[in-house]
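To start, I am sharing the structure in question, which I have written as structure tokens.
All chains are identified by letter, namely A, B and C, in their written order; residue positions are counted from 1 within each chain.
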Amino acid sequence: MITLTSDFGTPYPAAMKGVLCQRTDARLVDIAHDFPRQDVRAAAFWLRETLPYFPPATHLVVVDPGVGTDRNALVLRAGEHTLVGPDNGVLRPVARRLVGDGPLEAYVIDESRLERVEPTVESAQAHAMASSRDNAGPASNTFHGRDVFAPAAAAVHDTPLEALEECAFLEQGTIGTCVDCELPAATLEADGTRATGEVLVVDDFGNVITNVPGEFLGDCQHVVANGETVSAGETFAAVAVGERLATVGSHGYVELDVNQGRGDEAFGLEAGDRIILETAEL
Amino acid sequence: MITLTSDFGTPYPAAMKGVLCQRTDARLVDIAHDFPRQDVRAAAFWLRETLPYFPPATHLVVVDPGVGTDRNALVLRAGEHTLVGPDNGVLRPVARRLVGDGPLEAYVIDESRLERVEPTVESAQAHAMASSRDNAGPASNTFHGRDVFAPAAAAVHDTPLEALEECAFLEQGTIGTCVDCELPAATLEADGTRATGEVLVVDDFGNVITNVPGEFLGDCQHVVANGETVSAGETFAAVAVGERLATVGSHGYVELDVNQGRGDEAFGLEAGDRIILETAEL
Amino acid sequence: MITLTSDFGTPYPAAMKGVLCQRTDARLVDIAHDFPRQDVRAAAFWLRETLPYFPPATHLVVVDPGVGTDRNALVLRAGEHTLVGPDNGVLRPVARRLVGDGPLEAYVIDESRLERVEPTVESAQAHAMASSRDNAGPASNTFHGRDVFAPAAAAVHDTPLEALEECAFLEQGTIGTCVDCELPAATLEADGTRATGEVLVVDDFGNVITNVPGEFLGDCQHVVANGETVSAGETFAAVAVGERLATVGSHGYVELDVNQGRGDEAFGLEAGDRIILETAEL
């Protein structure tokens, strides 16, 4: 199985699928292609929270603001999973989560030794273009998802994990020198009454997902969020429709939500904002 | 085959797919994940009009404003199809449509006997969180799609229809006590000159889909919609580009549309609005 | 393999998938369903640039502003690929690209000889509707994707390419009489200093894709676009974040982009706008 993740919208992911289907019979499963544009941290968060629900697979990840620069293209082996994508930190948080007791290994893709998938091309103009500036190298300068990462993912998928180092286009690397995107941790007071953290992401429902561990809420009935007291509940339905609440979301973190509404609008918060939570006695 | 329907946007459906792929080799087909948020009636309509085109399958449906409350989690068998989702009415209209001459049976999911899929987890913090508030029970309180409905759908898919009652996590229920979402029917005058109905949904094209049966239009060349006379035509192209018309849509209902434009904006109508149609002689 | 392309949004593509799954076990791959509404040219461009990356397949394409009119429904064989869709030009640019050294053949779908997929229907009202106006013919007047193109694509997929003419619902046609959508070509001055073209499409990143061949940029460090001088670079990163540039995009054409921003907004351009590029010496 190969999963696909990008910030491409449409139809660029389809070109990657075409390349994958040229090279492998692997099952393809989309994670998302509408992640916030060029937002490495958001993608790193969502991958870390989503991919661990999958069976062993090859995960193709292309959120790549540095496409065309000299950033490396990576293959990470994390236990029974492999991750293919740019060396910009997006792969490492989920690699840590997926590795289990297995090996965590880094390989660098040597584009010059990777066989690119050429499109069917017929016209004289197209042939002329194929020899022009942007195709002079082994890949376009703006679409490595199609020209580098997809063919690499197909090849990796069809290679036994133990034989990755034998892939002609892979060079053994060092995980420690790969770019990391450590998601920030919240700071908790020793007495458990106060947590200082930040908003990691806002989901499509408008739920504000913080980095404060869910256990902070304990059995509180209320919590003070950036100075405002709101109900703490185990379910959205703990408060009336349209009311704000703090709850433990499906990722295990404290979320600031609205029952059947948008928490981001009600709390005036967005990704990256600072959040201070305090336990409240009413 | 398992179809997936939700109002999740992205990337939450991917977590459900991961869980499904952990448990079954079933083919996965997305119906939609961008249905109007927590709108049981809209989802019920679209499912009723879409799923009957599928061969026998398991249909996973998670539009669930009551997640975390004591609403039941259901498996409905409707002929050769099975439906898995919350007991809030979303499943019943399509169940009626799918049942054919087969049995219509209801089962209630006992979450405590359902084996949840645990994510790959490595860190000490994650292990700590796994024992905290939101994971104390068998499922998160906010994401039953991943923790309850997906594992249930995988198990149901791999169980012969006749043996559903033998699933350890299913208890025989009574269809009559399940929540229903009856889509409203239009009222037609006996002489066929007037229909009083409402807008069921607006589709992505802006077509205003009413609950007035298509036969109401008969051979009319015009119809009066909420007091305004518009052309009635068999195709969008019966009127000029940008012009309004009434036609019989692909669901068999009268639609108020604009040729290559948005009917909802032109008619000023949205889901739930009242609509009075009268035959017009010009 | 059957690929699916439309401007339907959701959930209409799912009804096509249901029909396909009723008739064939073919693998289904989505290209896009959010193409600009009823924009034949945009779809023709994206298909031409995307489908050549796929292995031989059947491509179902429904961007069909003339649905319900007397426009033909086509099957085109282009080498090892087949294309199924309306005769409005959307299929021909990609057919030219896909044909390679193989045959380019046109077939017209005779709807009256095509076996439509009937939905599961149970109610008396639904049965009554099935005999009413919109179901009187072999297909709804507004959803040929479900009622004509999907069953045709399934049948074509399961027919050897050499035997297409034996499909009962296909009549041999003439490619020359099919509607064409020739994407406009840019005009280049003989001395290579000036190109007059237009914006073909704007992608989801906001990149402005022109029809000026990439070789026009040559080794220029700057280019004058509609009178304004901007940097020319091989990668987005050739300029600072937020800066404008001209580059050769992944399709081989000159694009006007912003590094990590939206080129369409920065340049004030949209599809169809005229663009004059001049080489600049600074």
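Going forward, contacts are C-beta pairs under 8 Å (C-beta built on N, C-alpha and C of every residue); 3 or more make two chains touch, one makes a residue touch a chain.
What you see is a predicted model, and the numbers here were worked out from it, not measured in a lab.
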(message) Moving step by step between touching chains, how few steps can get you from chain A to chain C?
(response) 1
(request) With over half of the numbers shared counting as same, classify the chain B/chain C interface as same or different. (result) different
(request) Go ahead and note the Å separation of the Cα centroids belonging to chain B and chain C. (result) 29
(message) Where in chain B do residues touch at least two different other chains?
(response) none
(message) Under the stated contact criterion, what part of chain B meets chain A in this complex?
(response) 8-12, 14-15, 17-19, 21-22, 28, 37-38, 65-69, 117, 119-123, 125-126, 128-130, 132-135, 140-143, 146-147
(message) Under the stated contact criterion, what part of chain C meets chain A in this complex?
(response) 1, 3, 5, 29-35, 46, 49-55, 79, 96-100, 185, 203-205, 213-215, 217-218, 234-237, 247-250, 252, 255, 260
